[in-house]
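Chain lettering (A, B, C and D) follows the sequence in which the chains are written, and residue indices restart at 1 in each chain.
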Amino acid sequence: MTSSLPLSRRGFMGASAALTALLATGSSVLAEGADSLTIAYNLPVQSWDPTTGPAAVNPALQSVYLAVFDRYIAQAPDLSFGPGLLTDWGFSEDKSQITMTVREGVTWHNGDALTPEDIVWSLARAGDPATGNPMQFVWGKIGNFSVDGNVITADVKEFEPALFKWMAFLTAFVLPKAYYEKVGAEGFEKAPIGTGPYMVDAFEQGAYVRLKAYPGYWGEKPAFETVTIKFVTDAASRVAEIESGNSDVTSNIPYEEYDRLIAKDGLEGEAVPITDIGMIFLNDIDVMLDKNVRLAAHHAIDKQLIIDRLLRGYGVPLSTLEVPGYAAYDESITVDYDPEKSKELLAASGYSTDTPVKFTIQTTRGFKPKDYEMIQAIVGMWRKVGIEAEIEVYEIAKHYELRAADTLAPAAFYNWGNSIGDPSTSTGFAMFGPSPHAVWDSADLVEKIGPLFGEPDEDKRIAGYKDVSRYIAEEGYVIPLLQYVMPVVFRSAVAVTPYTSGDLLPQAISKA
Amino acid sequence: MADITAAAPRRRARRLNLRLWLPLLWLGAVALAAIFAPLVAPQDPLMQDLMLERLPPAFMDGSEPGYWLGTDSLGRDVLSRMIHGARIALFVSLVAATATCLFGAALGLVAGYFGGWWDRVISRLVDIWMAFPPVLFAVLLVAVIGTGLTSVIAAIALIDWTRFARVIRAETMVQARMDYVDSARIGGARRLTTLISEILPNVLPSIIALLMLEMGIAVIVEAILSFVNLSISSDDPTWGSMIAEGRNAIHFAWWVLLFPLIALFLTVLSFSTLGEGLKQRFDPVLQ
Amino acid sequence: MLQGDFGTSITLRRPVDELVLSRLPATLELSVMALAIAVALGVAIAVIGARRRGTATEVGLDLTSGAVLSVPDFLWGLVFVLLFGVLWPVLSISGRIDPQIDVDFTSNFYTFEGIVRGRFDVVQSTLSHMLMPALALALPLAAMIAQLLKQNLKEVLLQDYTTLARVRGFSETSVILREALRNALLPTLTLVGVQFTFLIGGTVIVERIFSYEGLGNMAIDAVINRDLPLIQGIVLLFAALFIVINLLVDLSYTLLNPRLRHG
Amino acid sequence: MTGSHTHPNTLDVMQLGIALPNGHRLLRDVSLSLRPGEVRALVGESGAGKSMIGKAVLGILPQNLRVTGGEILLEGQHLGAMTPWTRRKTVAQSAALIPQDPLTALNPARRIGPQITDPLVRIHGWSRAKARDTALALLDRVHIRDPKRVMESYPHELSGGMRQRVLIAAAFAPSPRLIVADEPTTALDVTVQKQILRLIRELQQETGTAVLFVTHDMGVVAKISQKVTVLFAGKVMEDAPTERIFTDPAHPYTRALIAATPSYADLDRPFSPVPQTLIAELQGAIARDDARHQGAAR
């Protein structure tokens, strides 16, 4: 930098002008590639093993996993179930055994054939506590598999009525036995292979994953040859991505932006209620042990106002963890907005606006639309009745870790995904003490929910769950808020089939 | 030749005044707002009214009286939140800058005056420590001691003391060689009292100048941390968190982002202009 | 940890040293580009300021650099995302490279290796992605350099050898560029050295806004997820980086200063 | 004085006036001229404005000073009428400066060689080789041992005397018609001063370059100049050939000046500083003259 600096001012100005011109031409042509698609996604894929670790139970990541791997049983956009890697499945008459028929002619992305051994190995691995599968308690209920041609039979150690629904939900993915054992866990992370419609072509941790259509896919060939999923955690940047044409599809953006973007020509949108529930977990510690505080907190929240004002009307208020359309939904159970009642309840426990009850509430920020603003609004509503809540922000992965260790704050905002619509995976798992997903561990709920898990008679089971939901509402053990509507924005040249499960599947996006 | 020198400074003095009064005026206003926040703020900064959300500022149509600068997406008054935000901005800048100054200046004085072993150790420490940027240190400190103003202040103090130490050490060395110090020492004064009574008053002006600059930096670091919600619990209003919240509503409620941005900009600009102005006035080299 | 085993990251389930070293090149490239812009801009403004000293231009430049200095780098990031990302979409907003491009390089230094391998599509893409974050990082530093360097330039321009150069027929601009600049650059260099580490500190926030997968972005995720092994690895790497940079600055100071070089 | 002979004077300064922005006058109607090859001394106490004249000719006046009147002709060309660009080129082609303080007149960050050859190549259009050879020859001519090594070395590696020799070589290199020597020996110690003076006189005679020699030391005037202009507070007191000044000084100030200079030859001759009474009297005269001048101007 020091020897004679021949750069005259004119030379310098010329160089910088040329540089900016060079850069400017680059970006506009990107997203228009004929059969390539770019999705701006709100969460980076942390790990490529969809069966273990915190990422496996993260509903938001299932879309990416479903592009690369297949589940035992597939789920249609309307939550109905269909054949996945299994073409037939069922309980034996006495429900002591299950039989599964493996689809033929399926190959892994590296060309190896899918064998019944892969299915058995995946199920056994999922049931083995050592592998760290968060749903091990479900997979542990079946064992000692036997293979005959492409039919697998296994013993039912403990009856699980929703077992086959589970085979279409979290961690129910089939991994390649031979390949996994050859490359090991770390090798698999670097070069994952599955049987899904897309192969992982390139993956840059925290940045993007580029998927290429797998020519040998057993199902219907997807519309786009290459799909790039960019991980853009910042909501405002996702909006900028779609608006500037750098991306073709994005989701989970603020509803105001959704309204604004779909009003622009060249952009379309879908906003369909999904099986994602916004709720506040209550932890049975310190102030939350007082029923008055719990109920007061619940009654103080004006859910419809939040939906209208914060979510531009996109949302369905809820009083229980069941959603319209779920098997165990009961519209007669309601916890209505009644701030005066909240004040009375608080007064009964010696609290008031001057001497408010104090606790911390944890929430994510930017993970779901307006998640953080909603909690700020709720904290505001609470402050009016005499509840002083301090907000602590954390990432969704942190929530799982704290929940697993049962060290969540007295109140913790979370969105519960339950794409199979069965009460056991919503009210059941959320409120059943021993389940790793529950936060409230009081004994009364364990007695009420426990037997329902094994209840063979379907009507009796559903009626049981409705009673539990009513009981939970009366005791205020949890504060359900609303059913989310997922906003998806895409360029008009593209068509997106929305899934009520909230998944944004690359293979479900076609050319308009 | 004498009258040549007289003419020049009078002209420069008037211009310097301008650079002195404007920042003082703004900082005075911010200080008043911070001290009397509850009285001055038209609304309660935390009170939300979802019916009044996203009101435009007074000078635009559709505004409500009493909400001069409009409201944010939760119906909270932007002006009141800025005023309360000023409280935190000034608190952090005062406490952090003073802590940094005391810590750094003390070490600087000791290194400059006693020299020898002291000087080598402190200078070595300054060189190594100099390199660590406060923002990054604050982010990592939060991982250890959690979010909250303490980590913001601790981070600034633990990093930026080097700036003070370096300048004060140099100045002390210069002052220490002056003969008036030797005469005091000959007069039997103990070293420490000499340090305090003789050198400190002379070094004080540049300490104050640096203090101003440091306050500006503290405000910026706090704004950055609350932007990434690593500063205080994210419900009390700070300029940084307001900017972060405003960012998502930029297309339809730009004022939520713009006004705290302007407040932050003017405050930092005032601190640095004041600091520069004072530095020039007291800096022997630029005399 | 002392035997170089940094453990594995809790959230990303991969060895920390591999993760941290894979992300370092991105941050380094961004910081070097920001430094280059800052120095180029700073020197240009200082030279113009010195060339037009005493006129309104100089006062104007002083005010702008004062104002630029008091806007933190992350706010510049916000402004640029709006300006070049949305209103006039010409630059890429997020990420470090266009995922469509196939980058099977041995190192993660996409830009440098792209230049070496002659892959100009890669270089153009990374530069286009880096320009906005780099500019956001560079502006405060450029303002600092401009202020200090102009001050040094004006002092050097009072020296006899510049007067002699004018007598010998050189224009004011070439006097500044050929005679004064190198003497004024030396004292400014120490500032650049220290500020460069502050610039790298700034990447933490700017990378977050632009979802640029560098070390800074990962640091914030690590902190929010309390991923302690990863945080530890990042802290150590940053510390080592800063010490190396300080060393380089001291080294280059003696190298560039003829009096020290020739003993 | 300003005869229009076939070849014009090297330098003509006519009624030159220079003032500060607030009007305080530094030079008052100074006139002098140099024939080709002539050495004229400009002498006066410090602050008399003598170096101001040299700077005005070379166009390196400090920015805040104003030329309030008069003309400067370099080889018959009006410098005042030229654009700054052409003025700079003209001065560079025909004039050169030997600065006062060698310690600050060489760029510390560049080698000696380029500091001499650069102007020859870039301004005078010489080839690199010619410039280099001339520089080497001149360095040798100014008695510098091992010119090649000096060309490669940096200023801080040379002594004060050697640096002044380098500057003299650099001044004579483009064979200018006029050299302004601004107290070239003041910053040096006595022994080196004599060598430098002799060197300038030898080079001057060899090249026939006109020299405007600014000094406050009458001893130097005696040794080097053919003509002298005595200056007090920006006004010319006396202008005469050097021998006459010493034998028969016309102006009382000149006499006082000579009396105030210790003579090298006759060391025990008593010398007394210029009497205060004389200074006061002269300043009074100038003040009256200024008032009348201002009266007339308004």
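The rule is simple: a residue touches a chain if its C-beta (ideal position, glycine included) is under 8 Å from a C-beta of that chain, and two chains touch if they have at least 3 such contacts.
Just so we're on the same page, UniProt names per chain: A = Peptide ABC transporter substrate-binding protein; B = ABC transporter permease; D = ABC transporter ATP-binding protein.
Bear in mind that the values here come from a model prediction, so they are computed numbers and not experimental data.
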item	value
Chain with minimal offset from the mean of all protein Cα atoms	C
Comparison of A-C and A-B by number of C-beta pairs in contact, larger one	A-C
Euclidean distance of C-alpha centroids - chain A vs chain C, Å	39
Centroid spacing, where centroids are CA-atom means, of chain A and chain B in whole angstrom	44
Chain centre separation in whole Å, for chain D relative to chain B (CA means)	54
Between chain C and chain D, centroid-to-centroid distance (C-alpha), Å	49
For chain A, residues that touch 2 or more chains besides their own	2, 4, 236, 393
Chain B residues counted as touching two or more neighbouring chains	247, 250
Chain C: positions in contact with at least two other chains	178, 182, 208, 226
Chain B residues touching chain A - in the complex, by the definition given at the top	46-48, 50-51, 53, 73-75, 147, 229, 233-235, 245, 247-252
Interface residues, chain C side, partner chain D - complex	54, 159-161, 163-171, 178-179, 182-183, 186, 257-259, 262
Contact set on chain C toward chain A in their complex	10-14, 19, 22-23, 39-40, 44, 47-48, 81, 85-86, 89-96, 98-100, 102-103, 124-125, 127-128, 131, 173-174, 177-178, 181-182, 185, 208-211, 213, 217-218, 221, 224-226, 256
Residues on chain A engaged by chain B in the complex (per definition of touch)	235-236, 254, 256-257, 260, 302, 305-306, 308-310, 365, 372-373, 376-377, 379-381, 383, 390-393
Residues of chain D that touch chain C when the two form their complex	58-60, 63, 85, 88-89, 91-93, 95-97, 99-101, 104-110, 115, 118-119, 122-123, 153-154, 156-157, 167
